[in-house]
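Each of the next two complexes has chain A plus one more chain, namely chain B in the first and chain C in the second.
== the complex of A and B ==
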């Protein structure tokens, strides 16, 4: 850690113009993040041309502020209207929405905001001290290691299955099958497109997510209409829980921050998987597991700390190697390059001031998100005072518009509607919806890493066990799967 | 009254014919389809071009990312649009030459009207910095002795895929192809030891500190002046990755001319030059006539090349 350059970086940050740009960017990021269909990547792409006229530090400040706040912004509609603004906040809706429905929207927003900031700051600290070392981990994680990690991640389906693992597995399989639609990335063959050309691009996570969660909610409430106002909103606003309520969730907070940072460092896994896995892990080890899905703050914290921790994690390979951790960091990388900053092995030695500035900007962005989020929540939670019918109408409009703008494809609209109908039936059948999303987002990397692993081992799967990292993850997976069975067998014997 | 005057205007416009209509082009924002996701290579350069053309035309151009299937979804949407100059597309070589020769698509070379070319990037055969291979011949000898040589790049039909196949074919060997993705993903596979070589953009060499073995394009590049071309090494493999603007066929000549000359101004724009150079692009402008000829040659070359290098071709 070079402290002179850190001081220099703080000096750059203290520039009033940079700070003002960051405040504006935080607002913008939050709003774009909150609009379904327009995620982090869109928010970054929108401001990209603006950064060309700014100085490099102003541009970095703007982009980090957008990056951090858009991930957070997605959770606001997830809580208030059960429409995740970005795929990253799908897991937040699981407990956030029930909590808001029971009249505790202000608390839910409080948990989200603080947990997001803590997750983000945690990953920023990791990035600050360990970026060059951790970047090597990212390189060591090849196809085989990724495959082992994804096999392990798939076990989380069991934890989000709400006491019915069989139905959970069924839902997970539906997700995996949906992930195979489109051109196969390895052979170029079209699969399950039924001659429809637009389907050759495959299904996109946003329409599926919006259909399953948001539209099916609308259909369900149309089936059982509620009159009047949606939630029992006692106090619209923003309320941070007292310190003693944070004590029981501190382990979850830390665990999710670690999960998010780690998955962020690895390419190809991403924030959506991180928040779902963070949620599932919290549920598996929580004392109050039975109240998950019914408005447990631990569930909200688990999801939000994880998805915001991805931000710092994904910047590790981006800055240290010039290899973006996800689509969002790819846009940031592009912007940096345009400003004449080339991330990669030489950046840390060549311009330590600038690297430290990124850390400081990330910290400031997280603090700004906390403040702006707290202020804006006053406004957001008033949504719940609208009549139910009006909100549901709005949800339909937002859902369809959000799905369409993802790729400007008519097929995506149909996918949303079909996913909505599917979601309605699955709700009636008590099949959990979250495993579909897990299956869908992990299905493609699962298949691709397996097949790439087979290509490099010359079609000998046993050679997968030559990788110590892979063996470790296979062993953990085996233990996680076997443990409940062993525990049951032992209980039966006694 | 208002309706009457509008009708009157329309009548005048209709009477004076096409030129009057065109004099007003563009009277609304022009959509530019970028057939890859935000943050991708094509997106970065596409947005730079769009910004510069916005200045050159004094009109609004809007980038629209229609991602999917190697860029074919976006270009198909563009090709099927009304040929009125209000929807054009930005595409790299593979989307408009290799892909339509590889699979049945709703478009081919006859559905597109080339507008201009803006960049032409050299490609290089590179390996990891600690790789035991120090020349193309080393790689070939290893492949001949039965070692598994893994080439990494984008999906089937991408330029790295075609280039490595052309290289292997020229030397009479076969590489195992690992479609792990281009650019950063390919570099990760090389640095992590999963793959042996990449036949990708020459700019990747300095970006990721790789070891270059040969240039796979027609001429040596200023980026790597000491690295020989494959042609110099005795094999005629020369492929480069160019980027250009296209409109749907039957777009009026006047509009194409206007777009092409605006594009010509845009590539001179200092901000565009700075941005593209920083993003490691080698600029080369071709106006619509020259580009149309070049595109036809490239299309025919791709059609002839694919079967000879063992890449499946549609009937």
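== the complex of A and C ==
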């Protein structure tokens, strides 16, 4: 641990403008996370173009705060109206809503906020120690190993994150094809531009993100109306349980934090699975298992510590290897690249201050979530009453402006609208959207590493198997693909 | 024919067709000068497109075997109206200017989604685009298209 750069990072974080931006972003992230239909990725996608005017550290601070607080925000409607704002808060509703119904909504929000912050801070500490070690391992990676790593990551994300693996893989491949549009950096050949000069620069990640996640949500709202909150929403408040009530749940808190962090590191698993596994583990090992689902705070702690611990875990491969673990970290990776920061081993060696700033920002974002969550709790019941149509109107205005200012190009605006329509079609066909973004972001390093690898091996791809690290990644990829198929075949036989 | 329409046949058919068109286009333009030992520029795109084609066919066959499925509870008219609204907004974005076309788009979006209260509707339609404009153009100096003849 380089303490000099850590001190420098703390200095950067202490900048009043950065802190003010992070407070605002925390508040904004909570609201967007709390609104059903929107979520972490949509929030990050809409805000991303607005970070172009900020310095890299301010942008990282803002996006980190939104990332952390929007995951937390999803739990608010889960507790108050039994509708999770984000899928990762589904398990929170199981015990949070019964607590709110019995008049303990403020207490439930207290459990959620503190458990989320502890889970997030735990994962930040793991990130701080694990990411540099992983980056050290990655020093040994050449083009062939990088190619094998990307194949492993993309396959796993597509295979694991989707209900239907074929559709997950299709989505990842669509992303790769989209990344090849524009002038080829090695040969100067134009690819899939169809004579359009503006397409020569290639597609940009921001319009694709905004279209797939934000505009497709607007179209989806038109296709299948989201019923607003009609009944009375409990006015929440905020109350932290006394310390003695935390003692019985401390094991659950730690276990869920470990589960969330570990699952966050694995590509494609994500916060939803983490919170469900954390909840199931807590229930199976609890002395009061029969009270789970009836307002047991341990259930809330299990779910929330796990889903917020994913934030730091998912950043481990993102920062150390440049491989995002899920759609949210894919957006974070895209944002870093937009700001001229390329994650990976070079970042750890060349800009340790910036790496440490990410760690510090994650810590500060979790603390801010605790403070802003406590202060803003009373306001959540009003936010949930906002008409969905007005929210979608706001999304349209921000999406169009954000897409255009990305490169001041009408092509980007067209890409946004077309991606929105495509996103709606893919939603209807049950195709996950996250692998498209991850495929798009990893498409360029995938192509570069493959082509460099082919040059090194004299155009003989079988020589890729001479690298033990590559063989290891290919073997794990094959196992990831084969395992569910074998399990399915075995189940069918029995 | 109706008995074959479901999300899988549409998905497989659409992406299969797109993959074929792009593959054809890639072979038309892949006759380029290459440095010795370099891989062809369309290599990754073509590999990915062949994989897309194979997966699309698999999904298409799966869909055909599944047979026709009546679409769920989807409101087609508002969906197409919303698409038309945003496509029209994109066409007019540069010509009409951000502060003219986007408030109309926001109002149209809210109306399509069934919101009818005039004061919040007009308030939001004006407030969000104006706030975005001030933030991006005045504060951050990022230009947005202006209304013809006016400087905003």
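Note that the second predicted complex is superposed on the first by the 275 of 494 C-alpha atoms of A that agree within 3 Å, B and C clash if a C-alpha of one lies under 4 Å from a C-alpha of the other, contacts with A are read in each partner's own complex, and residues count from 1 in each chain.
One rule holds for everything that comes next: a contact is a pair of C-beta atoms (placed from the backbone, for glycine too) under 8 Å apart; a residue touches a chain by one contact, two chains touch by 3 or more.
Please read these numbers as outputs of a predicted model, since none were measured by experiment.
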Looking at the overlay, does A:52 come into contact with chain B only (first), chain C only (second), both, or neither? both
Is A:408 in contact with chain B, with chain C, with both, or with neither (first, second, both, neither)? both
According to the stated criteria, A:129 is in contact with first (chain B), second (chain C), both, or neither; which is it? neither
Touching partner for A:187 - first (chain B), second (chain C), both, neither: both
Applying the touch criterion given at the start, work out whether A:339 contacts chain B, chain C, both or neither, answering first, second, both or neither. first
Which holds for A:323: it touches chain B only (first), chain C only (second), both, or neither? first
Quick check on the superposed pair: does A:455 touch chain B, chain C, both, or neither? Answer first, second, both or neither. both
Counting only touches as set out at the top, which of chain B and chain C does A:387 meet: first, second, both, neither? second
Check whether A:400 is in contact with chain B, with chain C, with both or with neither, and answer first, second, both or neither. second
After superposing on the shared chain, does chain C or chain B touch more chain A residues? C
Residues on chain A in contact with chain B in one complex and with chain C in the other? 52, 186-187, 190, 408, 455, 458
Residue numbers of chain B touching chain A in their complex, please. 37-40, 43-44, 47-48, 51, 64-70, 72-73, 76-77, 102-103, 105-106, 148, 150, 155-157, 176-180, 184-185, 187-189, 191-195, 207-209, 271, 275, 278-280
Sites on chain A touched by chain B in the complex: 41-42, 44-45, 48-49, 52, 138-143, 182-183, 185-188, 190, 197-198, 200-202, 267, 321-324, 327-328, 330-331, 333-334, 337-340, 342, 344-345, 407-409, 452, 455-456, 458
What residues of chain A sit close enough to touch chain C in their complex? 50, 52-53, 166-167, 169-170, 173-174, 176-177, 180, 184, 186-187, 189-192, 194, 215, 218-219, 221-225, 387-390, 392-394, 396-398, 400-401, 404-405, 408, 410, 413-414, 417, 420-421, 424-426, 428-431, 443, 446-447, 450-451, 454-455, 458-459
Quick check on the complex: what are the chain C residues that touch chain A? 7-8, 10-11, 14-15, 22, 25-26, 29-30, 32-35, 37-39, 41-45, 48-49, 51-52, 55-56, 58-59, 62, 73-76, 78-79, 81-83, 86-87, 89-90, 93-94, 98, 102-103, 105-107, 109-110, 112-115, 120-121, 124-125, 128-129, 132-133, 135-136, 139-145
